[in-house]
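Next come two complexes, and both contain subunit A; in the first it sits with subunit B, in the second with subunit C.
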Partner chain A sequence: MEPIVVVTTFFAASIRMAIPLALAGLGESISEKSGLLNIGVEAIMLCGAFFSFMVVFSTGSFFLGILAGMLGGLSMSMLHALLSIRFKANQTIVGLAQNFLALGLTSFLFLMSFGQTTTLPSTKVLGDLPIPLLSSIPFIGQVLFSQNLFVYLTLGCMVLAHICFYKTDFGVALHAVGEHPIAADTAGLQVHTIRYIAALFNGILGGLGGAYLTTVKLGFFQENITAGKGYIALVAVILGKRTPFGILGAALVIGGAEALQIRLQTAGTGIPSQLFAMFPYLMTIAALLLTIGSAHDPAALGIPYDRDKR
Partner chain B sequence: MKRIAIVLFVTLVGVACLFAGGASETKASDSMRVALLLSGPANDQGWNAVAFAGLKAAEEKYGLQTAYSEHVGIADGEAAYTDYASQGYDLVIGHGFQFGEPAVRVSNRFPNTKFMAIESNVYSKNAASYVMACEEAAYLMGMLSASMSKSGKIGMVGGFEQPSIVKVVEAYKLGAKSVNPSIEVLEAYISSFTDVALGKEAAIAMADRGADVLSHVANQAGTGVIKAAEERGLLATGDSYDQNAIAPTTVMCSTIYSVPMLVLNAVEKVQNGTYEGGVFYLGMQDGVVDIAPYNSFDGIIPDSVKTLIADTRKSILNGSLKIPMIETPTRN
Partner chain C sequence: MKRRDDEWVSLLIVIGATLLVAFGLIALVGSNLMVAVSSFLRGIFGSSYAMSEVLVRATPLMLAALGVSIGFKTGFTNLGAEGQLYMGAIAITATALVFPGLPPIVMIPLVILVGFAAGGAWALVPGFLKARFSISEVIMTIMLNYVAINLVGILVRTGLKDPAYPYPMSPILPESANFMQLLPPTRIHAGLVMALLMVIAVHLLVFRSRLGFEMRAVGLNGRACHCSGIQVNRATILSAIAGGGLAGLAGVSEIAGLHHRLIEGISPGFGYVAIIVALLGKNHPFGIVFASIGIAALQIGSMAMQRTAGVPTSIASIVMGALILFLVIRDSRQSIAILEGV
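Now for the complex of A and B:
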């Protein structure tokens, strides 16, 4: 095979692997910037994947399916927000419990809908959507502009989030409630409302990340289809230091490492497969080590805001 | 307010445990009680689904009282065996290589309970490993794949690199080479039985390198392999049961591991009081391993290939051809 084809297919695969991580990671970064630590990304993605599959399966409409995926993710993130903000519960525990809840809930509903069968209920997948002109650029066109809707959507979200974080009043408010909610409150910002809005975006983006798995990548649902991708998205958030392009880069590193290890294995080297399976995580640890020291967590991350407390 | 939060929490966690803990059911008393441990969901349309079907078949035939646990991780095997044994179950079956060691460890403490691990290689006085000669069917799949490949490259995706999987991959390679010595078999172990997205990605990587027939032995994750083949317009073979229904225009044939036969065999022995420890190999000759019909590919696969496979199957059945069991990967 020609070297250029090898490189092109590798980059295309890296992007395919990175999309769900990038989308869910971006959502989580918005939530964390506001001070809400939600480790239930896995739950959000799983619900997104399940509900989008169910709706595409029963209506055949990708539009409705993706919408349902967003709503599915939203249900999980808003439940987390309600418990964390209104009831001031421990955010880590809520997130953890939600991961189990979503796994059980989606498996149960899937079983209820299709029963214990050996036939796989599946749908069509959203095809590639090459952009005219741009897709005919050599290499870049193949890698970036001959992809599916979700790739463009992810890139768009990253740009929008970047502008929103660093160029708008909402971005300032978001950072303020995450760094110093008391000061933000004194300055007249609605701390709780802003956190709810952050959770809203978290649910929508995470739900999209899950919907990508069922509507674009696979076309079917199975129990625990996310297989830990929500946790990897959390890593991408830390690795990318909660900046949109940082997260995209981190997701590409992790996705790229996975795509690379599979390709190296099929190339038939004499190296044991377990070493290859470790590779993405080694890359992640190496990247974390290289970027150590400069990370900054929002000061109020994980701490419920109580107006009456000093 | 705090109290409400706590109450909500306990409910949430409680509900989560309820759903995540898997299901069990009970029937009339003083019949024989059999429990099954599964590494993934019983609804995985693959490896675990056939075991579950086996349990249900045995339940119907012998009027057993059955229970099962899903999602039993490697670390939880011992606890799960202990749990059922201390409840007085007569036979506890772990479905997978990784259940062997825990079965042996627990078996010493519960001499009245019989333990069984499918596809493992260890035993004690009252714990046995039942091994299916999956390699016999895999060899035939390799022959079929190599015969149907136009590019001279075929791909095989394995789950974990463990003996029960490696022997299938290796036999597949041998079968393929027996038909076409110059065939290139691309192989990858994805270190997961559940990550369908990764399974699909591995298959796409092979397709990108020019493989035109894709096979798998990766349980649930293997569904991703079949879907990748379907998407690229390639051919595939299934594993564990007739997987043609997943992609009727893609899956030519599948290996069949008749776990029901295995379970029935063990239950019968427990009832007769002849169940004993040991490693038992059951293959095509015992009706436990076979290959599925070609379904829609019956008219597509050339007659010469069908005859070749039928003849080889016959030689395995009458014992004149012995498929070697290779449990460590040979890499080219």
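Now for the complex of A and C:
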């Protein structure tokens, strides 16, 4: 293969690997900006992956499937929001418990529907959708504009989120309730409502990230299909400093590591594949070390807001 | 007295709600409820062997959960018990294979020590990074789990591989590294005794020592501790090391007591379930004894239920998750006070 083709396919693959991380990471960043720390991204993505697969499998409609994935993610993020806001629960513990719940629930429902099978039930996957004209630009056209719908959707979400965060009143409100809920409340902002809205976006985007795995990337579901992607999305949030393009960049770096390790695994080097499988995780650890000294968390992150308390 | 009654009533509601979830799921798969429940109970209490299997499974859970609970005391949210367990397992395997000639009297303490050190070292990294640079230990410990699991995969194919077989596993360890079988037809081994001794040790450390007092104080209010001269970073790091070490012992115990060789997947998520166990046991060593036996029974029982009534074992994860969520709701009034410390 020509070197340019190798580079092009590698970049295209990196982008595809980065999509679920970027979507879920963007959702989580909205949640965290409002002060809700949800480490149950794994649960959101798992439910998104499972329910979108089930609906695509039974109806054949990608539209309905993706919608179901968003609803699946939404159910998890809203449960987290309810327990964190209404019941002022420890958000980390709720997120953890939800990860257990979702892992059990999705594999339970999957086994219930299909039983123990040797061949995994599978569906068609959402195909590529090259954009006319743009896709014929050399290199960039191949990397960016010959992708599937989710890639364009993700890029669109990033731009919208950037505008929303930094150019709108809602963005100001979002930051305010996460940094200083008492002041925000005094200024007339509905702290709890804004946090629920943030959780809503978290569920929808995380659910989309999960749906991507089954409807675009794989076309099948299996137990624990996310395999820690939800946690890696949390890393992308920190690395990207909760800015949309930062998260996209972080997701691309991690996605690139993932694409590289798959390349190397299949290259048949005789080295145990686990060495390569370990690579993206080591990469995220190294990247986390680079954030030393520059990380800034919202001041009220993980702390429930109680109007009657000071 | 009134308050006490309230607590019992709310606890009964939690148990009732959890059972309702479980029964609903059983009904959903279309299994006969009576058959499912009776196979669940017979899976646990049906024979002395079944009961012994609960204790066998409770052993690593107890050790790892003790480790998780020590971290929780200082606010070190250790989700890395899984990786620390695997590091302990690697340590005992490597040690026993490198020094096969040692007599048991030297070998056993050595592998326990090395296993503890390996698990502790694996937790030291996120502990240090949290204390010194406030890097999220939640993410760091999870990432290190994946690294450790892959490390086992590499080692059983390279350095620690048994050359006599084509499979990815280590050779059988020398007998001097085996834990004693306590009640021979059953698989109960000395690891259980070690776990119970550790329960006492953790109790003494946390509630009867100066360091334990400092750890608890740091968990409640780090800033106040710093101002009153307690070394916050030291307490955090030490709780991380001790916690990781205990999880490492869970790995030692699984190898020395059950598998006698390193293979992939020796832990079906013990390190993650241990977090649930620690939470259910209210982070108290004695509570963890009961919680680990209870969760082990839940898992053993649901395996029997899958065999007999066709209910997938994942019901155990759902029940654990739901139980924690219900408890969180129940504690929401009291938890406000606790939360402000965390």
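Basically, the second predicted complex is superposed on the first by the 297 of 310 C-alpha atoms of A that agree within 3 Å, B and C clash if a C-alpha of one lies under 4 Å from a C-alpha of the other, contacts with A are read in each partner's own complex, and residues count from 1 in each chain.
By definition in this document, a residue touches a chain if its C-beta (ideal position, glycine included) is under 8 Å from a C-beta of that chain, and two chains touch if they have at least 3 such contacts.
Just so it is clear, the model here is predicted, and its values are computed rather than measured.
With subunit A as the common reference, the superposed partners subunit B and subunit C clash. When the two complexes are overlaid on their common chain A, residue A:Ile93 makes contact with subunit B and with subunit C alike. Look at A:Leu275: by the touch rule set out above, it reaches subunit C but stays clear of subunit B. When both complexes are overlaid on chain A, the residue A:Gln265 reaches subunit B alone and has no touch with subunit C. Using the contact criterion defined above for the overlaid structures, shared-chain residue A:Leu289 touches subunit C, although it does not reach subunit B. When the two structures are aligned on the shared chain, A:Met112 is found in touch with subunit C, with no touch to subunit B. Of the two partner chains, subunit C is the only one touched by A:Tyr231; subunit B is not. Shared-chain residue A:Ile39: touches subunit C; no touch with subunit B. Once chain A of one complex is fitted onto chain A of the other, the partner contacts of A:Ser135 are absent, as it touches neither subunit B nor subunit C. Once the two structures sit on top of each other via chain A, subunit B runs into subunit C at 259-267, and not at any other stretch of 61-69, 223-231 or 259-267. Residues 83, 87-89, 93-94, 97-98, 100-101, 103-105, 107-108, 111, 223, 228, 272, 274, 277 of subunit A touch subunit B in one complex and subunit C in the other.
Looking at the complex, you find that subunit C touches subunit A at residues 25, 28-29, 77, 79, 129, 133-136, 138-140, 142-144, 146-147, 150-151, 153-154, 157-158, 272, 275-276, 279, 312, 314-322, 324-325, 328-329, 331-332, 335-336, 338-339, 342.
Residues of subunit B touching subunit A in their complex: 1-2, 4-5, 8-9, 12-13, 15-20, 40-45, 49, 52-53, 155, 158, 161, 186-192, 194-198, 200-202, 204-206, 208-210, 220, 223-224, 227, 231, 241-242, 245-246, 329, 331-332. Subunit A meets subunit B in the complex at residues 1, 5-6, 9, 13, 16-17, 83, 87-89, 93-94, 97-98, 100-101, 103-105, 107-108, 110-111, 114, 116-120, 122, 125, 213, 217-220, 222-225, 227-229, 258-259, 262-263, 265-270, 272-274, 276-277. Note for the complex: subunit A touches subunit C at residues 39, 79, 83, 87-90, 92-94, 96-105, 107-108, 111-112, 223, 228, 231, 234-235, 238, 272, 274-275, 277-278, 281-282, 284-285, 288-289, 291-293, 295, 303-304, 306.
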